[in-house]
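Okay, so here's the structure we're looking at.
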Amino acid sequence: MQVAIIGITGYAGMVLYGLLKKHPGIIQINLYQHDLIEPTPLEELAPQYENTNKAVQPYDSAEIIKNNDAVFFATPAGVTSKLAQPFLDADFPVIDLSGDFRLKNGAEYEKWYHKPAADNDELAKSYYGLADLSTNPGKNYIANPGCYATSVLLGLAPLVQSDLIDPDSIVIDAKSGLSGAGKQLSESSHFIQSNENLQIYKPNEHKHIPEIMAQLKQWNPKVDHIQFMTTLVPINRGIMSSIYVKVKPGVTEAMIKEHFENVYHSSKFVKIYNHLPTIKGVVGTNECHIGLSYNPTTHYLLVDSVIDNMIKGAAGQAIQNFNQLFAFDADFGLQLNPVLP
Amino acid sequence: MQVAIIGITGYAGMVLYGLLKKHPGIIQINLYQHDLIEPTPLEELAPQYENTNKAVQPYDSAEIIKNNDAVFFATPAGVTSKLAQPFLDADFPVIDLSGDFRLKNGAEYEKWYHKPAADNDELAKSYYGLADLSTNPGKNYIANPGCYATSVLLGLAPLVQSDLIDPDSIVIDAKSGLSGAGKQLSESSHFIQSNENLQIYKPNEHKHIPEIMAQLKQWNPKVDHIQFMTTLVPINRGIMSSIYVKVKPGVTEAMIKEHFENVYHSSKFVKIYNHLPTIKGVVGTNECHIGLSYNPTTHYLLVDSVIDNMIKGAAGQAIQNFNQLFAFDADFGLQLNPVLP
Amino acid sequence: MQVAIIGITGYAGMVLYGLLKKHPGIIQINLYQHDLIEPTPLEELAPQYENTNKAVQPYDSAEIIKNNDAVFFATPAGVTSKLAQPFLDADFPVIDLSGDFRLKNGAEYEKWYHKPAADNDELAKSYYGLADLSTNPGKNYIANPGCYATSVLLGLAPLVQSDLIDPDSIVIDAKSGLSGAGKQLSESSHFIQSNENLQIYKPNEHKHIPEIMAQLKQWNPKVDHIQFMTTLVPINRGIMSSIYVKVKPGVTEAMIKEHFENVYHSSKFVKIYNHLPTIKGVVGTNECHIGLSYNPTTHYLLVDSVIDNMIKGAAGQAIQNFNQLFAFDADFGLQLNPVLP
Amino acid sequence: MQVAIIGITGYAGMVLYGLLKKHPGIIQINLYQHDLIEPTPLEELAPQYENTNKAVQPYDSAEIIKNNDAVFFATPAGVTSKLAQPFLDADFPVIDLSGDFRLKNGAEYEKWYHKPAADNDELAKSYYGLADLSTNPGKNYIANPGCYATSVLLGLAPLVQSDLIDPDSIVIDAKSGLSGAGKQLSESSHFIQSNENLQIYKPNEHKHIPEIMAQLKQWNPKVDHIQFMTTLVPINRGIMSSIYVKVKPGVTEAMIKEHFENVYHSSKFVKIYNHLPTIKGVVGTNECHIGLSYNPTTHYLLVDSVIDNMIKGAAGQAIQNFNQLFAFDADFGLQLNPVLP
């Protein structure tokens, strides 16, 4: 197969390109950049590619469709929706890493993203690809979930689907490394500001809240809201979502553990641990590690869900979705070692 | 005045010594070490003191009482209680940075500390010195609060004292730098393990839980439990306690803000901010910065309370307690600049 | 005394302001900003000053001269020289933290700084204040040395002044934390780029090279060149200069050590160590720690010279120069504890 | 092929195991541990392997030889030499990641390693496998080079082999991340000590000095000594060797560049850059990136040579040597992406 990446210069595009190069089902990767006018050597756009001989083509939907079997959008929110139309019209396979097609309601998108939304009937064509828990019903436009959303939803699914917890009690304290803040220079990602520091950001305004809520509600309509807060921590990669929920009376620790193990029994990527996992165990991989800690005094359960935000939270899950769509093995291109030590 | 420090080689003792050297009310600091047999040059015990000419004396309670006006215990939990008797007997001024006299109940101490407790009547003689919120009733034995406890109690006091929140809803996600884990070598504080990582530790077993609970219950007996979790983050100094509480119906954001400002109006060290404070603003100082973020959808309030664990969470608050006991100005020895940039 | 700071919003200005507030000889600090039009609350210019009530005035040389006894320029290179004229004309005391008056030759300044230089006769009025090694001959315009220059010159002085080394053999590998790169956002100080990385920068083009050379040549005309290279390391503060020099035949390790001890015998800030000092011992202080390691096989000597780039390398040395000018004790305002742990 | 790893619990063994699992020529990896008495689940020895079902066998040379086609020693220096005899006797393929067989002279080994050496005739059987520059003459016992040695030798080879530099002028300032210091707890790798710090260590006593010297002398007998110093920097992985050499009169920058490009023209792993490479470009890969900066004033050349100490400096080069020995493609198992962002 031949695949296209649009948006190679951002972090997600870069990681995606690295992974796809090893995918046994792909023989060629064609690179495009939405803001180019003419073909340009990759190393001019991103100096880390010095010594590679690869050109990047300008965006041209007809060309892309003609020369590829699928396209990955690694373009920013607000940009993707402007480029997606021809692919939707042609029912061409798209894996979209941006947030533009994750919400089904344009008005809600505009409320959280502060950008113009795609039309609601376009949004309706997309499939939210939480790859470890859902199966593509045959849709060709896949909205790849957000990084926080992935770690939170994988951590909450067994509890919410089975109605084991008080749906009003969900408190999520999520921590992310700086790669989540992207390549764009900003004060909060200036080394001096972020190093030796912790920074809570976008309180109650994070774009992943509606995406998480939509999925939770679909699993269990009793879930009406979540308290979700994000903190920047001075590491490069990784997300830890510390999820606090009040367990319903009568639900035991053993029942909870069993539920998690059942839900993820056959998963190649989600693993339930007997200890509380740390970020180091997942960075570099497409895995989600989950640990549980029940407090019999408070009846709160802590779910500790960790992922690599760039892989499971972006490029890796995109490949999972690609594999599902084209019936490749789930872990094609995703047999990865953690970055240890 | 002359003061003694017992336990100069640990992190808290080191910071305390540095601060006391600048205290305008102190003319001499005498150093003692509980496990010494004979006087020893300080630089032999701690190489960072090379080029200072200072000796450390072996522990001798009679000598200490004779030559000093007050003593600071910077000894580990389990050690202090074995050394404290003569000072309690003599009603000699003690500021105790360890956890040995914070709990009033020996059995509870042993449950959480896994070490033998002091006698209950000894414990009864001590005063829990949460210096920004309480006034020493004239007791000479001051138990200096724990670092997490300080940041949590200062963040919760206005809410709990005034009954503004659902007392069953308190969830605390506290993050600490590695200095909180002490000087002792351990796997979790090995650079390779802690750097580029987040580690949840001692889930539901942290020693500061009973200390926090005892104070909260005293303020408001309706508080029956807290969900308290601690995560090690790869920074040297600082604690951020992210405190989540459900606000009672009818309580508005403005009322909450006002309460915080009233409670800390005259405080030299606790400051209420309009934004969510970060750790960098307090490291190096004895300040506690508090920010608030109310979520009208979930009715949860986030209290973001940050301190320098070594100063406000240990040596600085010890000096505050010392100042109170001897009627010095609250900020003697504590006019400090944050470590910026 | 009353003193002025021009340029409070940069890192050096911020640190300087913090230190001057504790200086026992100063009763008021007036803040000015060269690019302001009207008085502005400090916290609007720099959010870390929230909760302080301090205004910043626009730059007005006549006002500054009228209301102050001395002025500190913490303005960038290229800016200072444009503002300095009235102060030079009035022979008003200036401590200039920028690089604009460190070189005596305008053409050389322009070659290294790529900015217009001050006139040569203005440059001639300034005094290069390497405070631990020279005494102000009575000049009111003090050019405060650069951070790298300070660590290198203090490390080389005893060797170069006494002609103990091969003057052609000087190789300096200097490492600096990111605060040295300033507050300005840039790719190399983006957290993701600088964290978990080492970056050599400005090879053979660093502005401090001519400043170091001028001083070395003055001490010993045989020194014709130095090989000086700088590497950014992922820490906030601190410089380590690893200085390699070939020792002349017949010069012994003991002779070298003795020379260093003699030169810095009475210094309050420069200390010679028996081990190789690390950065942690000096961050937060105005000290320079020096260690020596002689290799009898290669006849190379390593001089390990470490400073806090923001204090000894900027604001602290500026205060030393201020103290010299006004005959205060050398360590007024500079009795500081290292940031340990 | 089936291969054995002895010493899976150290950092090098862990990385090696991860890489070998993807090697297309290997169908099974058998794990052994020299200090085990009975078969033990891997996750008991190293908790990061929870959820894998892999057993580790006790060391038994006969069993290892019977069941494997080659063995990798990832055991510490001083241990390997005690275990190697049966493999040498059987002329069984060994790739030895320890330092025990890198030096040909037992007395020199003992001087630098402070441990008993293997016999000189055993040492003579081994081949020093600097894989990018030498070809195995058919020896079955391969001593894999040290991490620093690899980065230094690859950086110096084109200069030393072609006699382009003053052989007396070699000064190497090498910086390493903490993984180089190993898994063993120690004060210098305690987070609080190493974070926000730089630490020069083992001045003039580093074990890699004789290994580098032996190779350099073999290339060019005029090289009599090197000045080599190592500094610990607060990153997990990576080595940057800043190599300073005085270029001979008449040698131009262009000649140097050309030499480097010729020497590494056909190398899959050593790449010459137009800029000065940083560590981030190589971490996660088996590559060595080299940049050059010539100073026409001082006639010094800086060679900036960066590698991932765990891969090119250990496990990756071991696999290169394995590939050479068994005539696999050079990059089998070594097509790796850098850890970016």
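All chains are identified by letter, namely A, B, C and D, in their written order; residue positions are counted from 1 within each chain.
One rule holds for everything that comes next: a residue touches a chain if its C-beta (ideal position, glycine included) is under 8 Å from a C-beta of that chain, and two chains touch if they have at least 3 such contacts.
Keep in mind that this is a model prediction, so the values were computed, not measured.
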{"item": "Taking each chain's C-alpha mean as its centre, the one farthest from subunit D", "value": "B"}
{"item": "Result of counting contacting C-beta pairs for B-C and B-D, higher pair", "value": "B-C"}
{"item": "Computed distance of Cα centres, subunit C from subunit B, in Å", "value": "37"}
{"item": "Subunit A-subunit B separation of Cα centroids, rounded to whole Å", "value": "40"}
{"item": "Computed distance of Cα centres, subunit D from subunit B, in Å", "value": "46"}
{"item": "Interface hub residues of subunit D, defined as touching at least two other chains", "value": "11, 179, 183, 192, 195-196, 234-237, 280, 341"}
{"item": "Parts of subunit D lying in touch with subunit C, wherever the complex brings them together", "value": "169, 171, 173, 175, 177, 192-193, 195-200, 203-204, 225-227, 229, 231, 233-238, 240, 242, 244, 276, 278-280, 283, 291, 293, 295, 297-298, 300, 302, 304, 306, 341"}
{"item": "Complex contacts: residues of subunit B adjacent to subunit D", "value": "11, 178-179, 183, 185-187, 189-192, 194-196, 234-236"}
{"item": "Subunit D partner contacts - residues on subunit A that touch it in the complex", "value": "11, 14-15, 18-19, 21-22, 47-48, 50-51, 179, 183, 196, 236-237, 271, 273-275, 280-281, 284, 310, 335, 337-341"}
